[in-house]
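Common to both upcoming complexes is subunit A, partnered first by subunit B, then by subunit C.
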Partner chain A sequence: MSSAGRATASLRHRLAERGIDSTLFLLVPGLVVAVALFVYPFSYGIGLTIQPTAAMREQWGGGALANYVAFFRDPFVFDSVWLTMRLALPAALFNVLASVPVAMVLRHRFRGKRLLTSLLVLPITLGTVLTAQGLLIFAGRQGWINRVLLELGMIDEPLKLVNNYLGVMLSLIITGFPFAFLLISSYLSGIDPSLEQAAKTLGAGWWQRFRRIVLPLLAPGLATTFVLTFVLAFSVFPSARLVGDAMGETRVMSLMAFRAFGEQNDYAMASTIALMMGAVELVVVVAVLGLRSLLYRGTTGGKG
Partner chain B sequence: MSDFESLELRGVGRRFGGVDALAGLDLTIRAGEFVALLGPSGCGKSTALNCLAGLLPLTHGEIRLDGRRIDTLPPERRGFGMVFQSYALFPHLSVEKNVAFGLQMQGVPRAEIGSRVRAAIDLVKLGEHAKKLPGQLSGGQQQRVAIARAVVLEPSLVLMDEPLSNLDAKLRLDMRTEIRRLHQSLGLTTIYVTHDQEEALSLADRLVVMREGRVQQVGTPDELYESPASWYVADFMGYRNILPATVVAASGGEAVVELAGAADGGVRLTGRAVGALSAGDRVRVAVRPEDLHVGSTGGGGSTSGGAGVIPGTVSVVEYHGREFAVGVQAGDTMLHARAATAPDVGGAVTLTAPVDRVLVFPESLDAVVPQAQEVAA
Partner chain C sequence: MATSTLERPLAARPSTWFVWAGMAAFGVFLLGILVAVVVDSFGRQWFDTWLPDGLTTERYVEAWDRFDLGEVVGVTVGVAVLVVVISVLVGVPAAYVLARRDFPGKRAVMLLFLLPVLMPPITYGIPLATVMYSFGLGRTLTAVVLVNLVPSVPFVILTMTPFIEQINPAIESAARMCGARTRQVFTRILAPLLVPGILAAAILVLVRTVGLFELTFLVSGPGSDTLVVAIYRGMTAAGGGEARQLISAMSVIYTATMLAMLVVALRFVNPTQLVAQVKETRDD
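On to the complex of A and B.
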């Protein structure tokens, strides 16, 4: 048998070698849904963006690309990129950075741990609209915070905590933090606790242990968590409208897309803004994941 | 390297949720000694090690190094090296950087770190792997990195927590020799936790056998091997046959016992009594497989000077190279013996043993604890 190069096994075995077997049928439901609900509508949306309305062609030129010209040339539209970024980046950064110490503490066993964890995660169940409602009642002009501070004489007039940038930021933190916290907790539990014990016996103090052992092993997880919370925050819509300043400092991209769609009946421009929204997110995601690929990403020894 | 005289544990204890994981551990370790803590999982040996390292707070007692109290120090200030069962190598750092970590933490000058790290890596023969990540090494190599990382700091004490339990049998033997060599050549003081009596006997100068958080016996390998203080210790020291029995008569350090559950008619054995025994006491008889002689039933009369004759049926014969391991069913119990030639499976045989090779222990283990500590003192 001089079959060094040629496999002599049956076709079935050779196909299996390349990952082709009957389990591939498991992909069918997912593929059908993906094509029907994503690929087709997405392609259709892209098609829409190059069919600008006559008014847009007239105003911005550029022929079929008039919507894109409008997006980049119209400061009212284009500024929304910066306005959204200004909310999403700090919110995602805060959610990730604030989760780390909390998740570190909650690794240990102590009385009331479960209660505390539940409280931290509870906002996930609320949804953005309920959160916005709560913020308005709690932090609005006539809200509890302002009433208490006024009664105590600590302020002379109500603090402006909602219907502005701060209100949206608070809402993004309330809804985004639990996600970040849960993700980072699970990444942390994947790090073998004996690594820190080993670092202890080698003379490392808590900061050195965190800086030299935990952080490098956690960093890829932090990057992933940042990406997810960033995408979540970047597509902010209900809270930007409900607790924000919808036509001013929280005029985010999703609001602009909604405005083009709902108020101007310009589906083509709405699609263009939505597409550009995705493009901006993609740039940030690719940049962060690019940085992540430079980090150590092997095993962290724990239970995963 | 061990820059101290003695390490003293006094009444060290640790409770977990109302249960004593470790209680009343008294032990003095002299510089240069190799002490093994031996026992099954859950006996408190790892708890003791973690308490020593400072990774677990004590609930009772104190630890002193040359009279200076150290149980109040955090682990990073104790200066003990520790080798973990899982190795606990930093997966994102190369072998070199793993070994250098402790030196960096101590603020050792860079040039000195370089040379000491190289020396430590050479010591465990990993020179060519210095730049690799732990994940690229085999289990035995990772184990050697863990040892290098612990000894590069020239610690006063090295703590090893079942360091060989994740290795295969052959590698375990090699590493055992390696650990003993390092201990001797570096003049380390080592405390070694294991559940493997062979490992403990071959490595340690002194053994501490533990059970349910308490010390059962402390002594040299020879002392424990030849005169275990209880059937529990005997069980660990290779007395594979531990048989329940009742004392018929006891005098002059010898006891005649009747085996429980042996073939009908009652089998009587004479053995060396360990501790005070009197007629009617429930006891455990311990005999090593290599001390049980397998004879044919027809032989007869060859029992003079022996402890007695146990009749049985051969049920298993295993080839062990120079000899055969024979399993003999005697009544309800299976006895383990050795034979130079393989007996027929299913054949009737008799088992005999010299009187001084049959040890008779009181059944209760709690009763022997004071005696075990007497041996320790």
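On to the complex of A and C.
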């Protein structure tokens, strides 16, 4: 670009007016990383999906699309879509809905708030693997939960809380809730409290204030938080294997993708499952964001 | 917000009690999980009793030798530091351009940086790992660092853009009027103002990299496993996995590392603020 600039000074000037000048070179390293490590492998992966192995071609037919045929026809693989949704949707919904009242209560100032906030943020550092290990010990057959409940005489048999759907759900809530809470409380702090005070002056009860003032302003934030929490829950992998029932009710898509990748060394099929995973997620994200665009967008009065 | 405290009734509403009960349940689970792992890691034998019979620190020594944790911790810290340094060096200049300039195709560039954050890691991780293996980089440290850059660089860009937007451009203009070049504007003007933001982003990337499982797991192997991956491999090893106490000991080492970083992080940043600023980028 510099040589062109020297040839015709006006061209350089005209480009600069449209926002193209040498400062844009600062963007280059970032773009190189994004293209080399994201765009290229991604396109390569898409290419791989239409180069099925001979075995796949023979078993499922469909020529170059054999992997996709296998994905939709093989119930062992295709059911994982449903199994993943069955975990991720309720988990994300619960995390978002439970965060709202907690964030509302924690919005006020009181003693020990900082400690409580830190406690809620703590699980982010635990990571899924440690949560899984802890759940196995704490909520296992001989864990403290079952022990307490047995002592109290509330149950006769130890509850089965891990190595099934419930175990994965618990782990998703423990890791996902703090994240949703952080986001929701930051959205909530962006709503100007004087709006609510005005409503109170006009005689609105707490439900009316919540329903008419806070909820409409918070709704777009709820949608965004739902999307981000859903993304986290959707890619559940370690906990589905460790505290779930990996070959049964928590046979999620990421496990299937990894099985094809690491155990069967069928990179083409693994890429197919991985891409379909992205596609399924995209459908949900687009649906939620589409709903969100119908909601109020604009200033919430709180932050600059 | 402060005024609302004055008007609160003395007796809490039932809804408030409900919230507190829910939080108490969450707290019980959280502490139970943490304490159970710590107790287990120090226990001699723990089967059908409330507490293990006898305490010992042998598990740590055993786990350290058995899983070669010296090397694993070294790899974890090394990878994390490398990823942080590279993603800050690459991400901050890009964030600067996105914060200050308007140019054709800006929305496309933003989308490109947003995609890796929104996509499930496995979706791009598996094609990426396939590429890594086909370049002969499989199970190497290079591959582990490279795959970790994919979510980290966009993360730095997305966190830093609002930070830079907050700095008054007049300061930069003044510096330029006084004859500063772009590089000088960066080192003399922006860098000092951006230090809190860079620290915050760096710490979050550090925590994320140490905790990131999926991507590292796909390309790492013996000698390039990070701590999380080593724990996972221990738990799922053929033949029912390793002894539970060894895994617990490893988990405690992992949490201690993480907590140390979090404590350092909280000294510099208020996490809620940072999220609030991230939010604004994700909004558009």
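Keep this in mind: the second predicted complex is superposed on the first by the 283 of 304 C-alpha atoms of A that agree within 3 Å, B and C clash if a C-alpha of one lies under 4 Å from a C-alpha of the other, contacts with A are read in each partner's own complex, and residues count from 1 in each chain.
Operating definition for what follows: a contact is a pair of C-beta atoms (placed from the backbone, for glycine too) under 8 Å apart; a residue touches a chain by one contact, two chains touch by 3 or more.
All figures in this text were calculated on a predicted structure; none of them were measured in a lab.
Engineer: In the superposed arrangement, does subunit B or subunit C reach more residues of subunit A?
Structural biologist: Between subunit B and subunit C, C touches the greater number of residues in subunit A.
Engineer: May I ask you to decide whether A:201 touches subunit B, subunit C, both, or neither, giving the answer as first, second, both or neither?
Structural biologist: first
Engineer: Determine, under the contact definition given at the top, whether A:44 touches first (subunit B), second (subunit C), both, or neither.
Structural biologist: Second partner only, subunit C.
Engineer: Scan A:212 for contacts with subunit B and subunit C and give back first, second, both or neither.
Structural biologist: Once the two structures are laid over each other on A, A:212 reaches subunit B alone.
Engineer: Is A:142 contacted by the first partner subunit B, the second partner subunit C, both or neither?
Structural biologist: Touch partner of A:142: subunit C, not subunit B.
Engineer: I'd like to know which partner A:234 touches here: subunit B for first, subunit C for second, both or neither.
Structural biologist: Second partner only, subunit C.
Engineer: Applying the document's definition of touch, where does A:189 land relative to subunit B and subunit C: first, second, both, or neither?
Structural biologist: Once the two structures are laid over each other on A, A:189 reaches subunit C alone.
Engineer: May I ask you to decide whether A:107 touches subunit B, subunit C, both, or neither, giving the answer as first, second, both or neither?
Structural biologist: In the superposition, A:107 touches subunit C alone.
Engineer: Quick check on the output: what are the common subunit A residues between the subunit B footprint and the subunit C footprint?
Structural biologist: 197
Engineer: What part of subunit A is in contact with subunit C in the complex they form?
Structural biologist: The contact residues of subunit A facing subunit C are 18-20, 22-24, 26-27, 29-31, 33-34, 37-42, 44-46, 48, 98, 101-102, 104-105, 107-110, 116-139, 142-145, 147, 170, 174, 177, 182-183, 185-187, 189-190, 193, 196-197, 206, 220-221, 224, 227-228, 231, 234-235, 237-238, 241-242, 253-254, 257-258, 261-262, 267, 270-271, 273-275, 277-278, 281, 285, 303.
Engineer: Would you mind writing out the residues of subunit C in touch with subunit A in their complex?
Structural biologist: Residues in contact with subunit A: 1-5, 8, 13, 15-16, 18-20, 22-23, 26-27, 29-30, 32-37, 40, 47-48, 50, 89-91, 93-94, 96-98, 100-104, 109, 112-113, 115-116, 118-131, 146-147, 149-150, 153-154, 157, 182, 207, 211, 213-214, 218, 228, 231-232, 235-236, 244, 247-248, 251, 254-255, 258-259, 261-262, 266, 271-273, 275-276, 279, 282-283.
Engineer: Which bits of subunit A are touching subunit B when the two form their complex?
Structural biologist: 192, 194-195, 197-205, 208, 212-213, 216-217, 296, 298-301
Engineer: What does subunit B use to touch subunit A in their complex?
Structural biologist: 53-55, 74-82, 84, 86, 88-92, 101-102, 105-106, 133, 135, 149-150, 153, 159
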